[in-house]
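Both complexes shown next keep chain A, but they swap its partner, so chain B is in the first and chain C is in the second.
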Partner chain A sequence: MTTPTVELTGIVKSYRRTPALRDTTFVAHPGITGLLGPNGAGKTTLLRIAATVLAPDQGVVRLLGLNPHSDEVRGEIRRQLGYLPQDVGIHRFFTAFEFVDYIAILKEMVHRRSRHQEVHRVLGLVGLDDVARKRVYALSGGMRRRLALAQALLGDPQLLVLDEPTSGLDPEQRLRFRDLISRLGEGRTVLLSSHNSDDLAALCGHIAVLHSGHIVFAGPPAELIATAEGRVWQSTQRAPGALLAWRTGDGLYRNVGDPPPDATFVPPQLEDAYLLLVRQDSLSAVGGP
Partner chain B sequence: MTTAWHVDPRLARRYADGAMDLALATSVEAHLVACASCRDVIGAVVPTDRLDSIWDGLAAELDAPRPGLVERFLTRLGMREDTARLLVTTASLRLSWLTSLALVLGFAALTAGSGDRGRLLFLTVAPLLPVAGVAAAFAGPLDPVRDVAAAAPYSRFRLILLRALAVLATSIGFAAVAGVLVIDEGWLAVGWLLPALALVSTTLALSARFDPVHAAAAVGLVWVMVVWSHAPLRQVSFAAFAPPAQLVYLLVTIAAVIVVVAARTVFDYDRRSR
Partner chain C sequence: MTAVAAALGLVQARHLARHPWVLVGVGLAVLVMQYGLRGPEGNGLAALTQAVPFYLGPAAFFAANLAASRDRRAGTSELVTASPTTSRRRASGALLAVGGPVLLALGLVGAAGAAHWISGAGGPPRATVADVASGPLVVCGGGLLGVATAYWAPFRTAPILVMAGLVLWCQAGRMEWQLLTPYVEVPAADAGARVPGSMAWHDLYLGCLALLAATAALLATPGPRRWLLIAGVVLAAGAALAGWRQLP
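Moving on to the complex of A and B:
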């Protein structure tokens, strides 16, 4: 296997006295790595550390083989880094072009003309070249999300950290994003968090599941799905052993949990495996149909 | 129209590659305007990717923001174009902010005309305005791209200093005009200047550890208490602006600047537990 481009070892990070990450170790290689986990699991904290925005309380960070602890090295990492935070507020009075141009300046693109060409290029990549001169307040939510992604692509970074890039997008936009991100994943390292397990299953060669500040699974999506093999079945009634069950359009129940001996198994999906991994403890306490 | 001279293939190639000097290229272009056959000759040899990149460059320049009056003024003064851009995008340097600044100062100046109590109010408010401006220039909720900027290579410490200086300069300019207009005793009219520097630098120093808005609020509160504790209900005192107090502000400023410089990496790489 290639050498990892993102290595977070023994990371501890707390906000005041609330721990967000407890001794978390996370590794990513070139390609797309997905981060899955419930709200508050520490995904955003982990991505902010990987984007050099936040320093961990304890642990070692290596990004593109470099340690961001020293000032000069951190600059070197940031020159090869694109970061899309979970919510990018964009100055409403900026035009789309102005916004990306502003970030391009912060990315040390000093020369005016070549900077403008780069801004033009990334706006084209996310399909916003037509609205470059529109003010941000006149753009739709999906367009703003694409605009936020555009700034992350400036300078063709080697490491892309994307915190829920597809949230708030309609299905067509989401598929377009998928197309774009999968192209970006060729030869670069993309870290991606999402609540949409379909997106992750479609895009990622590697998935990490984060739960209460711990990595509880790391591996290819197929391996994660395989953990739910024999735990998903169909029945005519809501099954008593199910952690969760729902009636599907064909009138049958799809159950996830501990099957009865005569169960009719169906192929599990990523979200089934995720559910079993993350919610088992909390839901089994509720129990019963 | 007929001319004796035409662009030969060798010349066309040099023109298409952009390898021709300006004088010759200009005369070729002048000829092209009039000669359709030469346009065809050159059009055939210009590589499409070069045309595309020229076109992209043109489109990029058309979309690019046109520098405003202030921005052009700053670059005229010798400031780098990208630095000027970073300054004019500061929230607390926008027209709306400056307008409210002028309004607050205007009201404070009006009350200053109504006697000692009013003058003390003006002197209290004048140094608070740059504090609010500096906090607004880089506070979390007021700087929406904070995280994006934090992950960018441009030094956040440099950006904060740059904006703090610009905010300080504009609000001090405003307050200086108002002060000279409403307060006739010479030393008192500029008595708020050192407090302003002390308050702003203390706010920056505290921002290394705390949220800038909280830092600004705390600094502002302490300032109001310092000024008005000398002025019990009946009596107005300008003790907080007398020379001994001014010396304290100077020392506070120096100490705070030392803290800010020492803590500069904190601004660049967030180690706080917020």
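Moving on to the complex of A and C:
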């Protein structure tokens, strides 16, 4: 097993009286690790801690083998970190090039020529090199998201923290993102959150499911999918005992939950396992079955 | 000053020099200057000493404020926080960027001053170097105050309130108080009019006020404060001394 790039141990974080993370322990190794969870589960808080922009109330943080307790160490970590926040504002009147160039300076790339080469490189990686001179306000939402990703890639960082990188992208752009992120995951640590289980299933070697401020599952996607084995079945009618059921394109119902004895099982997918896991955790939290 | 602050200052200075507020300020200053310098009936001294501070000074203040608060207003703060550049270095970059409008101001008074001194445009009395230096110093002070306002009062109406305060100060009743303001109006029609007192001490006074604003901006950021506080005290004392010595 390789040395963990991200180690969060016993993390507690609250916003005033609202707990966001409760005694959460999380580890990410080189490769792509996905964070899955419903809204308000604490994904963004966890990623912000991993990106050193937020300090936990309690717990130990180790990033790239360092504890970000002082400005110097935080600076050292940030030199090897690329971060894409969930809601990133981009200066509207900058050109795409100027915006990435500005962030490149903040990443201590002070030599103009090599900095400009690097800016062109990352714009090329996200397919924006030909709109480098366009002002940000003239770019589409998807282009802005790619521009935000471009700045995270500056300097070839060892740790990439991406909070919902595919939100707001059309299907083609999402697939391009997948391609790019899978290439980025070779040789560095990529930590990404998404509501889209397809993206995570396609990309991640390791998945953590966060629910109500704690990790309820951590492991390979196949292991998570296996937890739903024998709990997904098809029927001609909506099954009364199903937690969730929906009609698919072939006219049959796909049911997730506790199956009847004569059920026709189908192979579960990541989202089935995720639904079951989150539902089970909610029930156990209120003392249900 | 670090290499990052210098690189940041250079890039932002270019942005600031092209900022719409600054361009409008330059345009108005050029118009007024060329009107004052035209023909023997003009007032070259007033044109050289008043156009730049009156138009470009407030423009630099507002433009520098907008530039320094851009990350906050655009919602880029979180992204910027995750970079290795500290808030103090970013503030240093924003302060250095004021060099952009200052260079424009120097270019303006240099060109107009050359016309005034070489061809006698605007008629007597001849402006001295100390007279024309006050304009770029006001632009510098205005820009630095704009940055300090962005760091100390991070809300949208703050620059308007600060500018309103400055205007009220410049309109203060007694002449002694007016002489301590960054801008004093000389009747443009009165060809011999000159602000009473020493312009050289006034320039030093403006320089101290400008650096005090820069020190205040840096003090608003996390980091060691001791040397900044000492610098602030020295500059305040310098401003008090120069302010007193400039009076007639």
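Rule of thumb we're sticking to: the second predicted complex is superposed on the first by the 279 of 289 C-alpha atoms of A that agree within 3 Å, B and C clash if a C-alpha of one lies under 4 Å from a C-alpha of the other, contacts with A are read in each partner's own complex, and residues count from 1 in each chain.
Following the convention adopted for this analysis, contacts are C-beta pairs under 8 Å (C-beta built on N, C-alpha and C of every residue); 3 or more make two chains touch, one makes a residue touch a chain.
Here the structure is a predicted model, which is why all the values come from computation and not from measurement.
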Quiz item: When the two structures are superposed on chain A, do chain B and chain C clash or fit side by side?
Solution: clash
Self-check item: Greater chain A contact set [chain C / chain B]
Solution: B
Practice problem: Applying the touch criterion given at the start, work out whether A:16 contacts chain B, chain C, both or neither, answering first, second, both or neither. | Solution: first
Quiz item: Now for A:81: first (chain B), second (chain C), both, or neither, which partner does it touch?
Solution: both
Quiz item: Thinking of the overlay built on chain A, is A:132 touched by chain B (first), by chain C (second), by both, or by neither?
Solution: first
Exercise. Determine, under the contact definition given at the top, whether A:57 touches first (chain B), second (chain C), both, or neither.
Key: first
Practice problem: Pick one for A:97: touches chain B only (first), chain C only (second), both, or neither. | Solution: first
Quiz item: If you stack the two complexes on chain A, which partner ends up touching A:89: first (chain B), second (chain C), both, or neither?
Solution: both
Exercise. In the superposed model, identify the part of chain B that clashes with chain C, out of 3-11, 21-29 or 165-173.
Key: 165-173
Quiz item: Overlap of the chain B and chain C footprints on chain A, residue-wise?
Solution: 48, 51-53, 71, 74-75, 78-79, 81, 83, 85, 88-91, 98, 101-103, 105-108, 110, 112, 151
Exercise. Would you mind writing out the residues of chain A in touch with chain B in their complex?
Key: 14-16, 48, 51-55, 57, 68-69, 71, 74-75, 78-79, 81, 83-85, 88-91, 93-95, 97-98, 101-103, 105-110, 112-113, 115-117, 119-121, 123, 129, 132-133, 151-152, 161
Quiz prompt | Partner chain A, residues of chain C touching it in the complex | solution = 3-4, 6-8, 11, 15, 70, 74-76, 78-86, 90, 93
Exercise. Quick one: which bits of chain A touch chain C in the complex? Just the residue numbers, please.
Key: 48, 51-53, 71, 74-76, 78-79, 81, 83, 85, 87-92, 98, 101-103, 105-108, 110, 112, 148, 151
Quiz item: Can you list the residues on chain B that touch chain A in the complex?
Solution: 53, 56-57, 59-61, 63-65, 80-82, 85-86, 89, 91, 94, 144-145, 147-155, 159, 265, 268-271, 273-274
